[in-house]
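Before anything else, here's the structure in question.
We call the chains A, B and C, going by the order they appear; numbering starts again at 1 in every chain.
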Amino acid sequence: MQSFNDFMQFVFSGLTNGSVYALIALGFCVVHNTMGIVNFTQVDFVSFGGMLLYTSLFAVGLPMPAAFLGAIFGAALAGMLVERVGIRPSKTDNHLVLIFLTIGLSIILRGIMKILWGKNRMAVPPLTADKPVHILGATVLPQIIWILLLTLIAVAVLAWFFRCTSMGLCMRGVASNPTAAALVGLNVNRIKAVSFAIAGGLGGLAGVLITPITTLSYDVGVLLGLKGFAAAILGGFGSFPGVVLGGLTLGLLESFSAAYFSSAYKDVTAFGILLLVLFIKPQGFLGKGRH
Amino acid sequence: MSAKDKILYFIWLHRTGLTVGALGLVLGFYPLFQDNPYFLGISNLIGIYLIVTIGLNLFIGYAGQISLGHAGFVALGAYGSAILTADLGWNPWLALIIVALLVGLAALLVGIPTLRLSGHYLAMATLGFNIVIYTILIQWDKITGGPSGFAGIPPLSVFGMPIDDELRFHYVIWPLAIIFLTLALNLVRSGLGLGLAALAQNETAASALGIKVSRAKIQVFVLSAVLASVGGSLFAHCFTFVNPHSFSIFTSLELVTMVVIGGLGSVWGSLFGTALIVLMPEYLEFFETYKDIIHGLILVVVLTVFPQGLISGLRDMARLKILQRRDIAQH
Amino acid sequence: MLSIDHLTKHFGGLPALNDVSFDCPAGRITTLIGPNGAGKSTLINCVTGVLVPDKGSVRLEGTEIGREPSYRIPYHGIARTFQNLALFPRLSVLENVLSGLTVEAETGFLKSIFRPPATRNHERRLRLKAMEMLDRFVLAGKADWPVGELSYGDRKRVEMARALVSGPRILFLDEPVAGLNAEESAAIGEEICRLRNLGLTILLVEHDMDLVMAVSDGIVVLDSGELIAQGSPEEIRHNPKVIEAYLGRMSVTA
């Protein structure tokens, strides 16, 4: 019985991290689908969301729900700003160069956060009271339930956005054929701005959800974000369900390898498995077969 | 042709050799004018990084691939040499060569499956590789010394003379760096170099012309890993101490920054970029807090203005100006 | 010389080539025509290893080459151009043409990094050869220009020069005069005839009917991946099937 309870505990912890990876991965994908680039500033949106939550709670004194929404909104704005100021002025369409450009922007964002908030680790309070509940034999913090619930909602809203709103449909149009989209008069610049806003918002959401568990610092998003990237790759970069599945799988794998193999080497297992998957099936497990 | 034209033509024809020679002369005499060990230490560091960035530029700049994990290869070189010399008592030079060969082999094994991938897959695979190496360095403390590092690495020696101060190291590192620089310049002017540049710009066309794309990519990847390993070994012997933080993904990003700022596909650009990034903290000391922002800003501004990097961008611009002027003069 | 047998290629279920068979006789210009999307470029891509055919074979003087990877193809003396220019825009004109000599170039790793005198001399010979080719295509004055800065017409000629520099026996040209003006087209047309007279076997894909009728020895007509007619220019001109295939779509192809 004990071992079953442990098992459920690991399942929950895996799903928690997995949800966060999935949110970040979705951010990577939205930008990738509309602009064809990997946007490394995604990792900093995560830290930035956490930072904004911290500041609005303690420096501004907002109540939790307002601070929470404010942080996500702020991260979305930051996303738009990055696209407008950092990426749009560049005239190149060479993907290698654009990837390096986002790396440069990411270095700048981390530098700014380091100056504004310092290098120290900070503690952020969870969304609601810290009293654990018992589910299926596992002891679960309310924050974890929030994480699972809000991820579900975010994925649902995203699916609705891309299926049912005209903006979302336009964005899918850009994804499948940018030149044609420009020809029929879609405003490509606005679409890019919106996709960065969504990416920023998703990153920010991931940040406000996970930092109460991990503690907060200016570079907390890097490792989380790279695992989000890994999740996106596992899921085939582009298919949303694949990416969510990629995130959850990565979270669970990590949790179980930490539990049953070695917690010191959990990053090694996570990235080791990723490398293996890349070697065997480079398109990820739900990716479309590409040459 | 007048005598002056002949001289100019000779200079133009042998421009690469002459520039390398001039660089060698300047560096050969540099310690006569600058004997402050602190500054020699800095130029030595430039030499070490240069060996790494030359290789990385062949991979990123010429072959048009992406690696965000080369610090992993540097780490393998550094720790490989450290373990073989300090723990097993090998000769440092022998260790350097054996480790470089082993790293080359590792790169071959990693490269064969990875280099089929393109773009972001390759970015992820190399990042993942770096994170795996870094985590092992931190966690496997029995062998690596863990987070606090690995101390007591013996210095290099040449004919029994230990290379244990900055001046002596200067005369070891720079000849090596210049040799690698020359070999890289040779490579990019050869048929193989042309093939690399071609496959970076259009893989289908390159392949249709008879370039075996996958093999060429693996060759440069292995070469760049070997150079990274050599740089790592020299780093270890130079400081006689290494710790994992010198080899995190942030170091990889810094290496990429050096290459990109200098110029994709310009070997000389790598020298410039490497020197700039190593020197900047020295001269921007009071900006310490803003270091990251400045790094990032340089990268972003350079890439926005010259997508191919500063030196390459300026070179291409100058070349075009000259050609246009010649064209007008002819008509 | 080159015989194509039952060549078939599908893209996600849709046939782009369906059981196509014909021969390209040695020293002749065989022209492949057909409306847009007929499968002409797909055929060239299958023959040159850029795409792998689903079925069928391509034989060069009896040797099967249909499944060889594309980097092996030039070693059989086959060269090609691409429909949508596949040049290296940041390399100079000379370097682009030199890349056409990859088959002869020294690409050994050690020789490349040490460049012994023999290698250098060899490189110099290749360079001269490339310069000669530039002369022939009136590009010598542009030798040092990055290809990305050239006009469209110049680029088309660079691609021809790159294909010819290695002295191939067989040449595939995918719409060599598309987008060129009448004068430039005529020059390319003459060049093509000259090459045939030198003994090259040519498979030409072209929409410009004047050029096609003027230079072709034999014509093969594709429509929606099917071979619908084959014969001399005169026969094709009066073939009702061909007229229908074209007229039916005249509004799009014209």
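One rule holds for everything that comes next: contacts are C-beta pairs under 8 Å (C-beta built on N, C-alpha and C of every residue); 3 or more make two chains touch, one makes a residue touch a chain.
Predicted, not measured: the structure shown is a model, and the values here were computed from it.
Under the contact definition, chain A and chain B share no contacting chain.
When you average the Cα atoms of each chain and compare centres, the chain farthest from chain A turns out to be C. Centrality by C-alpha centroid: the chain sitting nearest the overall protein C-alpha mean is B.
Note: centroid distance chain A to chain B, computed from Cα atoms, is 33 Å. Rounded to whole angstrom, the centroid-to-centroid distance between chain B and chain C, based on C-alpha atoms, equals 40 Å.
The mean-CA centres of chain A and chain C are about 47 angstrom from one another, to the nearest whole unit.
For chain C, no residue reaches two or more other chains under the stated contact definition.
Among the residues of chain B, those touching two or more other chains are numbered 308. Contact residues on chain B toward chain C in their complex (touch as defined above): 183-184, 186-187, 189-195, 197-198, 201-202, 204-213, 216, 219, 265, 308, 316, 319-320, 323, 327, 330.
Chain B meets chain A in the complex at residues 60, 64, 66, 68, 113-114, 116-117, 119-121, 123-125, 127-129, 131-132, 135-136, 139, 249, 253, 256-257, 260, 264, 289-300, 303-304, 307-308. Contacts from chain C toward chain B in the complex involve residues 48-50, 69-75, 80, 82, 86-91, 95, 98-103, 105-109, 111-115, 119, 123, 126, 141, 144-146, 149, 162.
In the complex of the two chains, the chain A residues touching chain B come out as 32, 38, 86, 89-92, 94-97, 99-101, 103-112, 114-115, 222-223, 226, 229-230, 233, 237, 264-265, 267-268, 271-272, 274-275, 278-279, 282.
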